[in-house]
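Dropping a structure here in structure tokens format, bear with me for questions.
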Amino acid sequence: MRWLARSYLALVYLLLYVPIAVLIVFSFNDSRTGYNWGGFSLRWYESLFNNHAMVQAMWNSLWLALTAATVSTCIGALTALALHRYRFRGKKVLNGMLFVVMMSPEIVLAISLLGLFLLLGLKLGYVSLLLAHVTFCLPFVVITVMARLSGFDERLPEAARDLGASDFTMTRTVLIPVIMPALMAGWLLGFTLSMDDVVVSTFVSGPSYEILPLRIYSMVRVGLKPEVNALGTLLLVFSLVMLMLSQWILSRSKQ
Amino acid sequence: MMLSIKQQPFRAAVLVLVWGWLLFLVLAPNMLVVGASVMTRDPSTFISLPLNLDAYRQLFNPLYLEVFLHSLYMAAITTLICLLIGYPFAWALSRVDKRRQMLLIFLLIVPFWTNSLVRTYALKLILATNGLLNSALISLGVLDEPAQLLYTEGAVIVGLVYLLLPFMILPLYSVFEDLRQDVLLASHDLGAGRLATFKNIIVPLTLPGVLAGVMLVLLPAMGLFFVPDILGGSRNLLVGNVIKNQFLDARNWPFGAAASIVLTLTMALLMFAHRLSKRRLGEEDA
Amino acid sequence: MKKLALAGLLALGLTGCSSDDPQVLNLYNWSEYMPQEVLTRFEEETGVKVVYTTYDSNEAMYARLKLLDESAAYDLAVPSTYYVSKMRNEGLLLPIDHSKISGFDQLDPELTGLNIDPENQYSVPYLWGTTGIGVDTADIEGEPVTAWEDLWDERFKGRVNLTNDMREVFHMGLRVLGYSGNSTDPQQIEEAYEKLTELMPSVRTFNSDAPRMPFLEGEADVGMIWNGEAVMGKDSMEALEYVYPKEGVIAWLDSFVIPKNAKNPEAAHQFISFVLQPEIAALISEDIGYATPVLSARELLGDEVAGDRASYPKPEDMVNAEFQADIGDEALQVYAKYWEKLKSGL
């Protein structure tokens, strides 16, 4: 049973990583078009690093994804807690609005948000992108946290309250630890969505703040340029390094 | 209200923040969409007065119904496949010891930081007639000549599953994480077989995760228009493609807005029907 | 409290991004449609920093320029053929100050003064090209392909590529029937639709991102392709030929325009003059694979480029060629209806 489960995990990971492996291999391909092998080369990495606009866009994107994921996790978690714990008027409306965000085709969300920002005279750039990204990440966080809360023993917070804890203290000491895995999952989803979004960003970004997905989108549309493979590889390596670093810090702090 | 602020400042702050955000960034723009849907299309300003329901009338065209049903069908297949792969996966994942679990979850998400478009193109490299899969199958002697894999319905579904699988796995994992081993042991001790335990204990306890996963996969699967564009040769249209075309190519904003509203309402109806049927079965509605 | 929080949030962000530096040129262009080298050289020569933002369809560019106000302004955009007249008529453009442009007299007279902008008051040509037929000569047998009509041939069943562009596909359908590719007659458009439905079983894919790719992937043997794409595709696939169909190619011209909200029209003029220099124009044509309208640049091009019939057609290739024109909103709706029917009635 145990080895069966393990090999199943391994199989799914294998399938998930095959396209990534292809991507990495082809980033070292000397040939200009993806389909034939023209020898090993680093020239796509070189041309990538010489592209300052691209490097700038990458930093912009990372910063945006980081902040959007964090803000949406905070607001999303609070929303889920409110929906789960509080009785208040308009609860269904609130639920409904979250649902609408998820359901709206991106292009509609994009144009409606653009319409709003234009009405308000908000300059398009980092702020408009952040507001838009947090908004479309929000329901994903809420749903993930709600799923966790619905399996949660209701008597625990009651007990905490009976012991004299304030609402805030109870949330901090009882609820937050319980929903921690969901918060992490939600944050990761948010980060991923933000790094990936093309449609909404196309509309709500201005020339002053260009982000990576838009660059990538315009590059891949004209045929898979090997620079894109190189970029994908770099993003992957960067994430893996971050991951190992955090693991290392965690294990250190435990000892 | 004043009283409750004094009594529960935290609760009030949370509610104000949440409501404020949603009213400002969800309700307001969506009101704009509703507004647009009842306006008249205008070649130079996109939308203009007078108000009318023409856009909604246009929706009854059988063509759009067909596209909608096809899109729903593709999304449903995608969701089903994600569930079939993701459910045992999340289970197996939650049984791995805690220290490795974090690592494995990160490994699940990390590929998704390399941008979905780039990965969709990588799939294309694999599925093309001259692509890697065909070459591999031919050199292994499984095939005599390349199979047509790219630009088919199957390719679109493969792409959708590949992009959306983690959105199924993550919520499932978080409920499996919660499934306490002692409950399963108790069930076993009470003489329940594996199948009975699965049916009576595991499935009901993981249902919220399944529902969350289904929502996270089904809805985006209807809108990811670049997947049919890239892997389906722009042929297996999703609802997302139609709406995008209305906003950009045909510049019929009222119609695009109306289509998106009807799509939202239909989905809401489906959800509602689902809840109702659940309630009838006597399950507790969370 | 709500308002306060929001105001704080906004203020926080607004101070973070105020860049009204006059020495920036916001260039809004097609993706991969300007070599990095040209931008770098312009920056070195003038000290104006170029911010290059891209779009992938005229429609997206048009919608954005139309919606955006001064808060996010572009200084230069590159609409295709009839979008110039459309945008001009809707007052979205600033007139070009010809006293600030040098090199305009070097342009091919065939490509200036077109009816999209008769006196080039609002536009300066950048690159031009054609949509014709791409043929993978290694994979097809029998008679050579010479006409749009040949795409309907039985032997190409499931092997045809079309561009994912409503106007272009209908243009072809209309030409096959002997009508103008810019027809606004609903009767003719419907006939073209009927004709195109017969082609649908042969169509493997619609591709307007990089129409050479289906050929390189081995998915298509014949179909619509842009000349620059055919040139690029030939680099990695010798057998890919570009054919000028008898019924006439679709011709288009991409022009520089200055949107009405431009903040730095001065730099925009500077940039246009820079690109019109023969040496720069030649560099662009060589890199991108499309034809430059700067006549004196053609002399600088190697024979390999200037002699390539795909990039620089001979006069006989352009017989029956037609530029796309603005067909007006009413006809556009008719096209859009049949286009969706065509693509989903599979």
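For reference, chains read A, B and C in written order, and residue numbers begin at 1 within each chain.
Please note the rule applied: a residue touches a chain if its C-beta (ideal position, glycine included) is under 8 Å from a C-beta of that chain, and two chains touch if they have at least 3 such contacts.
Worth saying up front: this structure is predicted, and the values here are computed from it rather than measured.
Without chain A, the rest of the assembly holds together as one piece through touching.
Top-ranked chain pair, ordered by C-beta pairs in contact, is A-B.
Chain B has its Cα centroid 15 Å from the Cα centroid of chain A. Chain A and chain C have centres, each the mean of its CA atoms, that are 34 Å apart.
Those residues of chain C in touch with two or more other chains are numbered 60, 209, 216-217.
Chain B has residues 17, 19, 124, 128, 130-131, 247-248 in contact with two or more other chains. Residues of chain A in contact with two or more other chains: 35, 115, 217, 220.
The part of chain B that touches chain C in the complex is made up of residues 16-17, 19-20, 24, 43-44, 46, 63, 66-67, 70, 124, 128-131, 146, 148, 150-151, 229, 233-235, 237, 242, 245, 247-252. Considering their complex, residues 2, 5-6, 8-9, 12-13, 16-20, 22-23, 26, 34-35, 75, 78-79, 81-82, 86, 88, 90, 94, 96-109, 111-113, 115-116, 131-132, 134-135, 138, 140, 143-144, 146-148, 150-152, 166-168, 171, 181-182, 184-185, 188-189, 191-192, 195-196, 198-199, 212-213, 216-217, 220, 224, 228-229, 231-233, 235-236, 239-240, 243, 247, 250 of chain A touch chain B. Only residues 8-11, 14-15, 17-19, 21-22, 25-30, 32-33, 85, 88-89, 91-93, 95-96, 102-119, 121-126, 128, 130-132, 162, 165-167, 170-171, 173-175, 177-178, 205, 208-209, 211-212, 215-216, 219-220, 222-223, 226, 239-240, 243-244, 247-248, 253, 256-257, 260, 263-264, 267-268, 271, 286 of chain B touch chain A when the two sit together in their complex. On the side of chain C, the complex with chain B involves touching residues 1-2, 5-6, 57, 59-60, 63, 66, 90, 158, 164, 166, 203-207, 209, 214, 216-219, 328-329, 332-333, 336, 339-341, 343-346. Chain contact summary for the complex, chain C toward chain A: residues 9-10, 13-14, 16-19, 26, 28, 31-32, 36, 51-56, 60, 64, 67-69, 71-74, 209-210, 212-213, 216-217, 235-236.
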